[in-house]
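In the part that follows, the structures are each spelled out as structure tokens.
Two complexes follow with chain A in common, the first pairing it with chain B and the second with chain C.
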Partner chain A sequence: MNFRDRMLDEYKEILKTYIHDQTEQALYMSQKFSRKSIEYKISPEEMISLHKTSIMDLEPDLPESLLLSLDILLEVMMSYGLAYREHQSLRTIQRELINEIEVAASMQQTLLGTQIPRISSLDIGAISVPAKQMSGDYYHFVSHENGAISVAIADIIGKGIPAALCMSMIKYSMDSMPDDSQNPGDVLERLNRVVEQNVDPTMFITMFSGLYHPDNHTFYYSSAGHEPGFFYHAETGTFEELQAKGLLLGVDKKAKYNEYERKVEVGDVILLMSDGVTECRTEEGFLEVDTLIAYIKKYIHLSAQDIADKVYKELEYLQDFQLRDDFTLIILKRTA
Partner chain B sequence: MNISIDVKELDQQTTMTLAGEIDAYTAPQLRETAFPYTEKKQASVVIDLSGVTYMDSTGLGVFVGLFKSLNANDGTLKLVGLSDRLKRLFDITGLADIMNINSEAEGGV
Partner chain C sequence: MMDSSVKIINEWDIVAARQLGRNVAKELGFGTVDQARITTAISELARNIYLYAGQGEIMIEKVESGTKKGMTIISRDEGPGIPDLRKVMEDGFSTSGGLGAGLPGVKRLMDEFSIESTPGKGTFIQSVKWLR
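Right, the complex of A and B next:
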């Protein structure tokens, strides 16, 4: 007995049961049957043909007109069958695309990977979580020969794959900068020229660039339209915004970036973040700066990485575990 | 997550009144609607943002794009009716220094 005959028998049995005494059982069986036919890729028009054969067998005295009507139904169902097969093939393509994006996302991780530098006087922590598969946030550390550390945090406006590609460009121009131009203002001016020339005119980048000198424990910084960070004074237990003015990268190639500096004492903490942190939306509206600071303060005594992880957990909880924007938080804490 | 865009054209001036949220989902719609008006020679575009409840960096990107396009065509862009939150966004990004921005909504015509 071949497959079609077996299906035919099964269908005929269901039909017979139902015609005989309209039980729930027969309806249930037909639902099961329908799932099985989908699994075995039986098209809608084949089902009609199966139905016609069965009913002719079971009720040979049916009026001719009813049987003829089934031919029309069969013709009409053909398009449904085609649409269904198209849907199936699109699903296959979609699965392939998802795989490709996964590969790209993991490649992004590898390409853009950055090592958190280790220096004796500074404890550094970082967390970056994309809202979608590919992040538009980016951070990067560079250790210089003289012991200084550069840190950059950027948000590529325009999300997804184009942003990710753009980020690789930023990373390589940062890595290829000569060791003698570490000043945050210079870094931004150079990158601004790169971005202005090379990037799609509707794509922009905000970036905060900093340099920590362990010799004099001073943090130098400049901002290109980036969300200001916070500075925690251990002595007074107070927070202050790291105000810095500067235009987004990629808008005006002649833009200049002012440099600011801050003396860092033992226990002081520098917090850098993306706008996914400050623009975090909760059920009651936007996250207020005071609320954010309260969370940071709650964990400020911990190690840098723990502060970053714990604050992320708190905000993730506030947003019901649904990140709307990429989230990046970098913590620099002077320990000695 | 919705946006409404109302466009009025009077002589050389185009006034757009936006309401709703400008984010990654609605930004493309705003860009497509607004861009053609910035490509005319010496166009003057006024955008009223007093009905905008949320805008993220993608939205900001649209305004920078419009600004650049108008500049390239000797046109002008003016943003009016910014809430404190929006004003802060333009301040932080340095755009408030190069764009014409006003917290008050335009009075009259």
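Right, the complex of A and C next:
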């Protein structure tokens, strides 16, 4: 016999017990009963009706006025019942949406996937963790025919799904860029035009574009308003910001991007990041640059991927495992 | 079969429509919970007419289909109509205020529900509750 068929008897029993000796046991039984009735989608108005039927049966001499009052209670409960059912259906919709976003997020991971290139003189590591399901950070590597490696890291101002959709466009334009336009400044100029033409004017993208030449061990770079990276001098054990000036992508279609260069010695490390790294917030406020550098320094002797992973772990811990912004960190370490 | 209807012009007509619906529901043998559901649905439909269309009518009919018995509630008005039906049938829309208060609720309270609306011409809603 299912619950709907036996609920009247069960309810009557609880009511009877309670009327007889007001035990906590009976109250507990009614709590269990209410859980069960929610499980079987019994509406509030049905409960009132059930109550009325039960009490009329148990106490036939109740005053008419009391029974009539239950009619009003039933009527009043109608709207609660409707609100409850609406809530149930909205929950179902919410679950469906969450599932859809999960599918989209995993698709984004596939779409935006990039291979970390392998070359003999450079050890490369990268980590990118979204704050929510969809990431607004993006990084990309290209190995050129002449042996040079392009690296790009971008951050969409704005988060979530719109940012993620925009990322796919950036990735597509980077993939369709000819192999001869490797210069970081040119890359940014091209992308700037794409973004300016195709993206909503309220959406901006910051990007750092770099090119590593293994022939002369020089790193060329340009920035479109992106978080400056760090350069670690192995010889002196010091860090320096990789400053570069340039307008955000999508602001002005005529924007030009200066190119900077830096000689990389064995043991030197280039660190590129999104603002999710530098603007990592703790209870005491923003993370100080010195603190960040101290963490990096602690692990600078490790392999590139290990540096990225360990620094992420430290900052994750520092923020109580709650990322407020997408986190991306790329490490290029000259090994030979 | 006797069909009956109530013209909805002012708020008191909502009460008359409810009363008519309750009488028919009782006559057919609907229990108190279903009576409350049917009258709540009538209330919602009549209120929509009163609030958004200005005037219209609620018609109550007994229906039979094979061995099934039940009642049909029809709401008809010549008001401004509903431009986006999908929207008014969405949960959470009516509660945030605006047109077509509680149509998803009416759909839930009844067993069958259909709606036609032409902007500028009016709205026609038909819903059925079957006796179990």
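As a working rule, the second predicted complex is superposed on the first by the 331 of 336 C-alpha atoms of A that agree within 3 Å, B and C clash if a C-alpha of one lies under 4 Å from a C-alpha of the other, contacts with A are read in each partner's own complex, and residues count from 1 in each chain.
Just so it is clear, contacts are C-beta pairs under 8 Å (C-beta built on N, C-alpha and C of every residue); 3 or more make two chains touch, one makes a residue touch a chain.
This one's a predicted model, so the numbers in the text were calculated from it and none came from an experiment.
J.: Would you sort A:74 into first (chain B), second (chain C), both or neither based on which partner it touches?
T.: Once the two structures are laid over each other on A, A:74 reaches chain C alone.
J.: I want to verify the contact counts: of chain B and chain C, which reaches more residues of chain A?
T.: Counting residues of chain A touched by each partner, the higher count goes to B.
J.: Mind working out whether A:46 is in touch with chain B, chain C, both or neither, as first, second, both or neither?
T.: A:46 sits against chain C, while chain B stays out of touch.
J.: Quick check for you: in the superposed arrangement, does A:228 touch first (chain B), second (chain C), both or neither?
T.: A:228 contacts chain B only, not chain C.
J.: If we overlay the two complexes on their shared chain A, which of chain B and chain C does A:59 touch? Say first, second, both or neither.
T.: neither
J.: Determine, under the contact definition given at the top, whether A:175 touches first (chain B), second (chain C), both, or neither.
T.: neither
J.: Touching A:89 in the superposition: chain B (first), chain C (second), both, neither?
T.: second
J.: Between chain B (first) and chain C (second), which does A:248 come into contact with in this model arrangement: first, second, both, or neither?
T.: A:248 sits against chain B, while chain C stays out of touch.
J.: Any idea which chain B residues touch chain A in the complex?
T.: Residue positions touching the partner: 24, 31, 54, 56-58, 60-62, 64-65, 67-68, 85, 92-95, 97-98.
J.: Quick check: in the complex, which residue numbers of chain C touch chain A?
T.: Within the complex, chain C touches chain A at residues 31-33, 36-37, 40, 91-92, 95, 102, 104-105, 108-109.
J.: Using the touch rule from the top, collect the residues of chain A that touch chain B in their complex.
T.: Counting only chain A, the residues touching chain B are 155, 157-159, 201-204, 206, 224-228, 245-248, 251-252, 255, 275, 279, 281, 286, 325.
J.: Provide the residue numbers of chain A that touch chain C in the complex, in ascending order.
T.: Within the complex, chain A contacts chain C at residues 43, 45-46, 49, 52, 71, 74-75, 78-79, 82-83, 85-86, 89-90, 93.
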